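Every chain is named by a letter (A, B, C, D, E and F) in the order it is written, and numbering of its residues begins at 1.
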Amino acid sequence: MDITTKEMAQMTWQEIEQCIKEGYGIILPIGSTEQHGPALPISTDAICAREVSLGAAENTKMLVAPTIQYGYRSRPLSGGGATFPGTTNLSGHTLICVIEDILEEFARMGFKKVVVLSMHMENQNFIYEGSYLVSRRHPDMKIMVMESAFGDIQENIMDVLFPDGFPGWAREHAACMEVSIMLYRHPELVHFDRAVNDNSEEYPFYDVLPPDPRFFTKSGTLWHAREATIEKGKLIWEEIIKQAGAAINKEFPI
Amino acid sequence: MDITTKEMAQMTWQEIEQCIKEGYGIILPIGSTEQHGPALPISTDAICAREVSLGAAENTKMLVAPTIQYGYRSRPLSGGGATFPGTTNLSGHTLICVIEDILEEFARMGFKKVVVLSMHMENQNFIYEGSYLVSRRHPDMKIMVMESAFGDIQENIMDVLFPDGFPGWAREHAACMEVSIMLYRHPELVHFDRAVNDNSEEYPFYDVLPPDPRFFTKSGTLWHAREATIEKGKLIWEEIIKQAGAAINKEFPI
Amino acid sequence: MDITTKEMAQMTWQEIEQCIKEGYGIILPIGSTEQHGPALPISTDAICAREVSLGAAENTKMLVAPTIQYGYRSRPLSGGGATFPGTTNLSGHTLICVIEDILEEFARMGFKKVVVLSMHMENQNFIYEGSYLVSRRHPDMKIMVMESAFGDIQENIMDVLFPDGFPGWAREHAACMEVSIMLYRHPELVHFDRAVNDNSEEYPFYDVLPPDPRFFTKSGTLWHAREATIEKGKLIWEEIIKQAGAAINKEFPI
Amino acid sequence: MDITTKEMAQMTWQEIEQCIKEGYGIILPIGSTEQHGPALPISTDAICAREVSLGAAENTKMLVAPTIQYGYRSRPLSGGGATFPGTTNLSGHTLICVIEDILEEFARMGFKKVVVLSMHMENQNFIYEGSYLVSRRHPDMKIMVMESAFGDIQENIMDVLFPDGFPGWAREHAACMEVSIMLYRHPELVHFDRAVNDNSEEYPFYDVLPPDPRFFTKSGTLWHAREATIEKGKLIWEEIIKQAGAAINKEFPI
Amino acid sequence: MDITTKEMAQMTWQEIEQCIKEGYGIILPIGSTEQHGPALPISTDAICAREVSLGAAENTKMLVAPTIQYGYRSRPLSGGGATFPGTTNLSGHTLICVIEDILEEFARMGFKKVVVLSMHMENQNFIYEGSYLVSRRHPDMKIMVMESAFGDIQENIMDVLFPDGFPGWAREHAACMEVSIMLYRHPELVHFDRAVNDNSEEYPFYDVLPPDPRFFTKSGTLWHAREATIEKGKLIWEEIIKQAGAAINKEFPI
Amino acid sequence: MDITTKEMAQMTWQEIEQCIKEGYGIILPIGSTEQHGPALPISTDAICAREVSLGAAENTKMLVAPTIQYGYRSRPLSGGGATFPGTTNLSGHTLICVIEDILEEFARMGFKKVVVLSMHMENQNFIYEGSYLVSRRHPDMKIMVMESAFGDIQENIMDVLFPDGFPGWAREHAACMEVSIMLYRHPELVHFDRAVNDNSEEYPFYDVLPPDPRFFTKSGTLWHAREATIEKGKLIWEEIIKQAGAAINKEFPI
């Protein structure tokens, strides 16, 4: 059978069977449904998780599973939190169960190489836990848990992206980097005219419940979105794809 | 703000806020990742759930939330079961939790009108349970649980679809109706050349575990896929959209 | 040891041990505690589940375990729902756990043939899920999941039972068939003088929460109870026992 | 409506509704399915729980709900443990859920007076926990948790029952008292010819897993069953009914 | 490596590894955070659990794990219940999970001998359940479940402790025995000047929810605390250590 | 009553009641039981969590609750992982439940100010989730979630601590900072003679299951422990206490 896609959603079971027999692994993209400021759609993380996975899969022997569209609770300090309409969160327990179930199914089908790839910071630890529970039962399956799709970005790229200094990944929510990426990848989904530079009153090293307005912004953009450009988007996107792809290729060499 | 889509995934939080203030409700599409025979992709149910929701939403005051891509365990008698690669199931517990979490979030945002719309037979009862748990806490929110997107089909349509007799919805898996719909909606995803007419050895009124090969087919198509045509697809699709839309409009009149 | 009953509840552990050694299987009856209209007791489903199991076990090598008296939430469209006093529901999670625990114990004891037999429509899927979870751990145990104790009824019997047309099993709740059966089996528990013919305002193909009075009846009888007779009860009962017994014998031949 | 039974299982929903309006409470009997030695059936606890409840209810304004037939894991030191065929245990989590669900339903129906009455020692604490969880949500409902149906037995009765000294309630499993009660109440279910006096090697104040044969007996009778008589059964039974009835009447005076 | 403590908390992983290789077992102390009357600190049970474990471990090949500081819900009849500030309870489900997780980890590390030692009566059954779940998966690990650290106390000791008669262990909460032990072990933590003799109005054989003030005391001391002395503390403490140590040595001989 | 401690464990319920009436809040310290290299005891995190809490509480109106001694699974990249004896992990679900239960109890007692303070990186998100679940039910209680007890450290302190450059907090496990702190606070628990400088082969931005020896070290020390000194310990400890105390005072001013 001649298979023309890496997106499992679009494949028949016989095509998937053939891939498994040929030693393919599988990437599970995990996003969120979370406010992304006035300029970006709430599925930004889900869109990115899917597309980073497809991009990274290009030169690997990896399929890409259907994206998990809902993620763990958006947190005020890195996502704006649950006070925004549209933000639709899973509980920690549910997210653990979802990952556990799906990876257990991958094991059942015979996949030996699995990548769990999240583009939503808050999914951290929960997706590790789901992976751990399955790994304990299937020690012959290797699971790569990418709570972030990339590591340190080279200084010269950072300088282009954040000429006035990098505020930290947590605050870079719905801001320069994400808007740039979406401008580059999905201009049709960006309302750049509504983009704002914003800034919360404080940046504590701890969190507070119920959410405290001092710690996030009214717009939902936690930093400077107006500094986004298509060029920055292309630059960082290609870097992310390169890093993610290299990491997967390193752990699962063809 | 001028809003040009009903797909919540593509909206900003401010657009969603505006819709809620204007009294909009929300449809949650639920599909599956399940083998659909040699001709159809495994996301057939998820694709249909999303598109039926969007179609039904057209003349209603309803948004459509991101689709739940994974559903309850495919069962041998109505979906072929878990022996096919690609079929990726959630447990009953997990599916209940997913529905409960998401509807709880809809309640938090202020939605008063919710439709849970599944295109995967096996999701039945689990999605009702998740809805029930939320309804108990939010009696002011009305939840419509569509475990099937449509009711009885008019005889004249059935005669066109199944000129040799209707085998029952359970057996109509990955067969004439679903292939017709996908030919009509997504010909690019259909391998009609691989479509088969198939037939399990027996059709019991009970189920058996572990799955018994007498009760399903090797191809994963449970009945006649080769009888599918674009015309049949158009006919049944429009009927489904009409029924789903009418039902939603009846329960949630504008 | 000479064993004179098939009802496990009444047996000593040594008798059960002997049966297991002789290759016996076991039927687990599952009922409900649910309103059954003005004429029938709320344990109708539990009584029937136990007695169908005993009847079907007669010519098989099957014991019958103590009945699970409480089932999944009564639903408005097929059971009247949770607005009636007396209706006492388990959640989906609890019912799954109950089935899982009990079947796990059957596995521990050494049973290799298990039948899960429900007489309450709403138990569907939850009892399958509990069975599935155990089956995955004990693939050498064969589990027959009877979410309904019978299949299609022969036309001539249906004509006797429903001379004016069959309203569908969902609506046949606390109506002609169940009252007939109870008149035949337990006349002492039937208040036939209170029996009514009833009819809900609408019969949608979807459900709504909170329960909508349009979709069920004030009496709790969803159709015609006054048409019940002992003769009809005998007719349908014997048919059910025959079908259930034949199915069990087919899957677990002596 | 003239109501002739206190057994909710046999009542219609309208009869139950009438009782609730008249201020009735409800007793939930909880038993077990557990080996009871060579002479007694495995449902001994369930039978007793139901009949004690009915007996105690006689002079109270209390209905009796359907019995929970399965209880928490039989323990070696007080029930023989899980090595006997027929013993069919629920996990602690499941039992908590069952109690919680059922009591929540009683609250929904409007019962304000609930008795949870167990005749299986191992149910202790789990049934309290289920009751606690519901009580926290429904502080206006009074729940009486009878982990034992009776307190101290008068010395003169104990002397008759155990002329050679009382071994403690834990060891009195499937022994003199239970066999006596069953001889009195259900002689048709007792194989007195098979009754034995037995005795485990040791009686530690702790437990051990996996079960240690030193701590229970091969017969499943933990003490002297041959000393049982109908007279002793009548004596202790009437005492139990009296104590349980008095306690319920004290907490829920008519 | 020369190891100078049995307290695992204070050991390095290499020391623990060495002990496991030498065949050491491990004791898991479980206490509570529960009111203990006007004279004792709320961690009395946790302190005692740790110290009994260390004392009993002295002549055994046993390490002592970090103490579980929080236990199951304090009950009115044996601990005063949840109406006292400071009492901080785990639910039954949580406690089962905690025990299950920790014992599973002991199994992973290679411990074959485990003692679960509770000094809080209400932990009963929940800690057994957690142990059971792990034992089922690791039948080669022997788990000793000490829901009480001691058995019957010799009459002559009881006479010294309770010259006016023994009220039963349940009522001996925050009273003579516990205050005596704390006076002997931790005089710095005892406010003996505030100690009271107290007495609830009634001592039923059942429990009631919400807690009924007739069944516990305002002080939280359920019996006579003023009768405590250091001497009594020494006497009973040494007896407890002796019994616990002997039991552990018996089950896990060096 | 004159109260001389802030450690709730050592207080009577009446003292706690008095503090609550006076408006006190409460800090819940959360540690771990996790390998800390050849020089440090496995309870290092638990010891530090307790002592940071007590130190930070000094000038605040805060009590300190008993420490949670067990934390979420040690991860290879920041704690060495589960391959070391002594490391005793809770699952994510269990840790969520523990936090949820305890905070729910704080709410019950009337605390309005709660600090959850963890000294174990892996507890992140799970303790937030437990806190969130309680916050949703008790919006009048303010919960401060300190997944780290401190924020950025001033450059001049970092220069003293890490003259050769800072490897990142994740790798600073069982290394210079923790050994320094323990040398300063608990020299009696440190085996400095066994301390090593170590270094894993690789430092990926993702994780892998089962744990990959390339990503952690044989010693369990992830960086340079031999560079620890008492002076460094004093320096960083005082900084941590200062930061934690200031943050708590800011959120909960006296």
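Here is the rule we go by: a residue touches a chain if its C-beta (ideal position, glycine included) is under 8 Å from a C-beta of that chain, and two chains touch if they have at least 3 such contacts.
Bear in mind the structure is a predicted one, so any value in this text is a computation, not a measurement.
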Once you count every C-beta pair in contact for both, which comes out on top, A-B or B-C? A-B
Looking at A-B, A-F or B-C, which pair matches E-F on over half of its contact pairs by residue number? A-B
Taking each chain's mean CA coordinate, chain A and chain C are separated, in whole Å, by 47
How big is the gap, in whole Å, between where the Cα atoms of chain C centre and where those of chain D centre? 26
Whole-Å distance, chain A centre to chain D centre, using C-alpha means? 55
Per-residue multi-chain contacts in chain B, two or more chains: 91, 93
Write down the ring's chain sequence, where chain E leads and chain F follows directly. E, F, A, B, C, D
Within the complex, chain F is touched by chain E residues 8-14, 16-17, 20, 33, 35-43, 46, 65-70, 82, 84-91, 93-94, 97-98, 100-102, 105-106, 108-110, 189, 191, 194, 220
Which bits of chain E are touching chain D when the two form their complex? 72-73, 75, 91-93, 96, 122, 124-126, 128-129, 131-133, 135, 139, 142-148, 150-152, 204-210, 243, 247, 251
